[in-house]
Amino acid sequence: MTTTEKLKNILVEDLNLEELTPGDIDDDAPLFGEGLGLDSLDAVELVVIVQKHFGIEIRNMDEGRTAFQSIRSLAAYIDERLPVR
Amino acid sequence: MSAAGRIVIEGIGMVGSFGCGVSDFSRALADGGSRPASLAVSTGSGPIEIPAHLADTSPLSEFVPARTLRRIDRFSRLALLGSFLALRDAGLADTERRRLGLIVASGHGATGITYAFLESFIKDGDICASPTHFANSVHNSAAANISILSGIAGPCLTVSQFHLSVPSALATALRWLAEGRADRVLFAAVEELSELIGYAWYRRRGGAKSVPMTPLRTAEETAVPAEGAACLLLSRAEAARGGYCALGEAVTGSRPDDGFPLPDAGLLVLSADGRKDAGRRFAALARNARIACYTPLYGSMPAGPAFDLAAAALILKGGRIFPSPGDAALDFPATVPAGGELLGAPRVSCLTLGDGATFGLATLENP
Amino acid sequence: MTDAPVPITGMGCICAAGRTLPGCMESLFRGARAPAPPVRFASNHPVRYPVFEVPGFEGPPGLLRTSALGLHAAREALEDAGLDRETLRGMRVGVCVGTTVGCVLSDEGFCREHHAGRDPDMASFRRILHSNPAEAIAREFALSGPLQTVVNACSSGTDAVGIAGSWIRADLCDAAIAGGADELGRITYIGFISLMITDESPCKPFDRDRKGLNLGEGAAMLVLESERSRRRREKRARSFLLGYGSAGDAYHLTAPRPDGAGLRNAVAEALSSGGLTAGAIAFVNAHGTGTPDNDRVESRVLGDLLPGVPYHSTKGYTGHALGAAGAIEAVFTASCLARGMIPANAGFETPDPEIANPPVREATAVSGNAALSESLAFGGNNSVIVLGKG
């Protein structure tokens, strides 16, 4: 499973986006505001999600903001930091 | 008291094991029907089931879209459902919510989500603690969710005084209305029966108890734990349209067991709920009074006295007393009307007891 | 409608800044502050965030630390008010206490055991049931008046003082012990870190480079007394509760409303209930936690409603003591009014271009007979009290 697919599954599950299926989420749609409609509390939850599922620590929101543009940007952020498999 | 200073109960919203809304609650009061379910609790010696009055929050989808509910915990859902029902029962328009205050009373608070928050870091380490769970576990999160979703921008308060939570919070609601801080106060008493509370109940009071409860057999332990929400829309008389009855006073304090003057009421509703520790004091204080007790319909919970208030409001509105379920078990001298008209003063007092010598008393009346 | 002033005849305080109110004030004006990673508990979080603990304080084993802190402050306040047990017996005395931790029915050790499939010892659960902060104080001093524990998150302490004032005005009691108490524990420590609003260094309220709050703990209590009772006892008022206002944001669980509408309403209600205008306010003890959002919204509202009125946050000396914060800041505010001087806003160094009206940089003389103390809570409640010079 690609990081993008994995992320979509985790988001639907951990953020209780019950009315969505992972397939409904567009790789490039903004996560916040219009788009997926997440907010500041979801943003800090995302930091924990990335830590818990990928073992990657996002130390502050300045870092987070760049990563959390879209599923694609977050997947790229994670892939850059994952240990080489 | 002049009409201008009077406080009336303009709307009622009920959620409990009896169902949802004033009609389900009235039906339960009239026919004495109560069917506790059971709650699964894991213990050191394996899973067990304990009898429990559980509530269904699914009707909330009528008021709030599923997407909005995604991170709202069960405690807040119970509170939200009761609140929306009370606002609808009173027919309160959105434009009337500007001068609306909000008070939430709960003895236990949001224990389910609190445990979930602890689990998040017990399982995965402190760095994986869930901020969403933490935010929802803050004691006033139900009040926050109600105010956000129903647009209440007046004063907001959450009170936790265990078994005195309801009369204590009610006293403050009356002060707010008397001072003109708000024209109306949405008063929401809420309790969630999470696994944590169920487990602690089992450890403190044992598991298998006979159901239904017989709280007027005050020397025995027959309590069945419960959850639910009882919400009252309290209004200054000059702002209200109709309503159930007037709310006279609400006090909390501490008095010795040898009694204190109870108001001259047509009926004294006891929040006796099968907990033996409080039962003896109820028997002493309500000796020879004309009493009723409806806790077998909704179970034992710190927010229970608000369910008594709703029952009292329905009695005053209809002028008729509901039979007390399990009244045959009375083990102290008192009169328990089997039903019929509310005689004497058009007034119903609700008595609740806390730890030690503490008590709470609220009086409802027909002007 | 203007409410009658309610005399405050006694005050007590315990927090990282000191174990008595005079001790705290001395320490504030000395500029002392020493946040450090927690000593009383450990965390496996990789960052050790500084906090403001009360060192060396231990309560009795059967009582939550929160309630023990509350009792400590209540003893000082009653002594200050000259109310011994004998005098109290003849009075109707209520207790109104704000807290966040004092009512949480969970204990980490208990939950860990249960989570692991074992049957935990019930002692910790019994301790919580025995420790309702208002009830613990009423029990200790055998008080018979109204009881209320306010759990309004970070505005609890301010609300408790405002509510007790209403009791006195309505003659529900002759006196009330009102304030707030909160201990610092792992659960809140980890929770605030998870929200990413804690600063890894000592907090810097209203500073351009502020990164968040430091948690604290403690308790403060005020004795509010009816004018009739105060006269009978020939006791001088240390201060007066002049006004109280509170209003919800109806906006978000953890973020303040950007336009500060709830806070504006609360300030307006507090002033009008005290029969005061902005011009009567000598200074403001701001909530000023040091989080980017709080300080931005709060300073903007202050600039609009109370332009030119000096303000400071004292959280740089105490940390954010949550449910106790409003009460701690109330007794600080009353003490500063009496002294005619407010301590510097500790931690403020670099002005924030977004904040046009910076807080006071150094201890500043203030003149006037009234001051305001603000608290903003999670869930969007905003509470404000106005205190008067004794």
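All chains are identified by letter, namely A, B and C, in their written order; residue positions are counted from 1 within each chain.
We adopt the following convention: contacts are C-beta pairs under 8 Å (C-beta built on N, C-alpha and C of every residue); 3 or more make two chains touch, one makes a residue touch a chain.
Worth saying up front: this structure is predicted, and the values here are computed from it rather than measured.
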Most widely separated chain from chain B, with each centre as the mean of CA atoms: A
Pair joined by more contacting C-beta pairs (A-B or A-C): A-B
Chain B and chain C, separation of their C-alpha mean positions in angstrom: 29
Length of the line joining the C-alpha centres of chain A and chain B, rounded to whole Å: 41
CA centroid of chain A to CA centroid of chain C, Å: 38
Interface hub residues of chain C, defined as touching at least two other chains: 46, 194-196, 252-254
Multi-partner residues of chain B (at least 2 other chains): 127, 129-131, 135
Chain A: positions in contact with at least two other chains: 41, 44, 48, 57
Partner chain C, residues of chain B touching it in the complex: 42-45, 102, 108-109, 111, 114-115, 117-119, 121-122, 125-127, 129-131, 134-141, 143-145, 147-148, 151-162, 164, 168-169, 171-172, 175, 178-181, 196-197, 199-200, 203-204, 251-255, 354-356, 358
For the chain A and chain B complex, residues of the former touching the latter: 15-19, 37, 41-42, 44-45, 48, 51-52, 57
Contact footprint of chain B on chain C as seen in their complex: 1, 3, 43-46, 94, 100, 103-106, 108, 111-112, 114-115, 117-119, 122, 125, 129, 132, 134-135, 138-139, 143-153, 159, 163, 166-167, 170, 172, 187, 190-196, 245-254, 261-262, 265, 269, 377-381
Chain A contact footprint on chain C (complex, rising order): 46, 194-196, 211, 252-255
Chain B - residues contacting chain A, complex: 66-67, 70-71, 120, 124, 127-132, 135
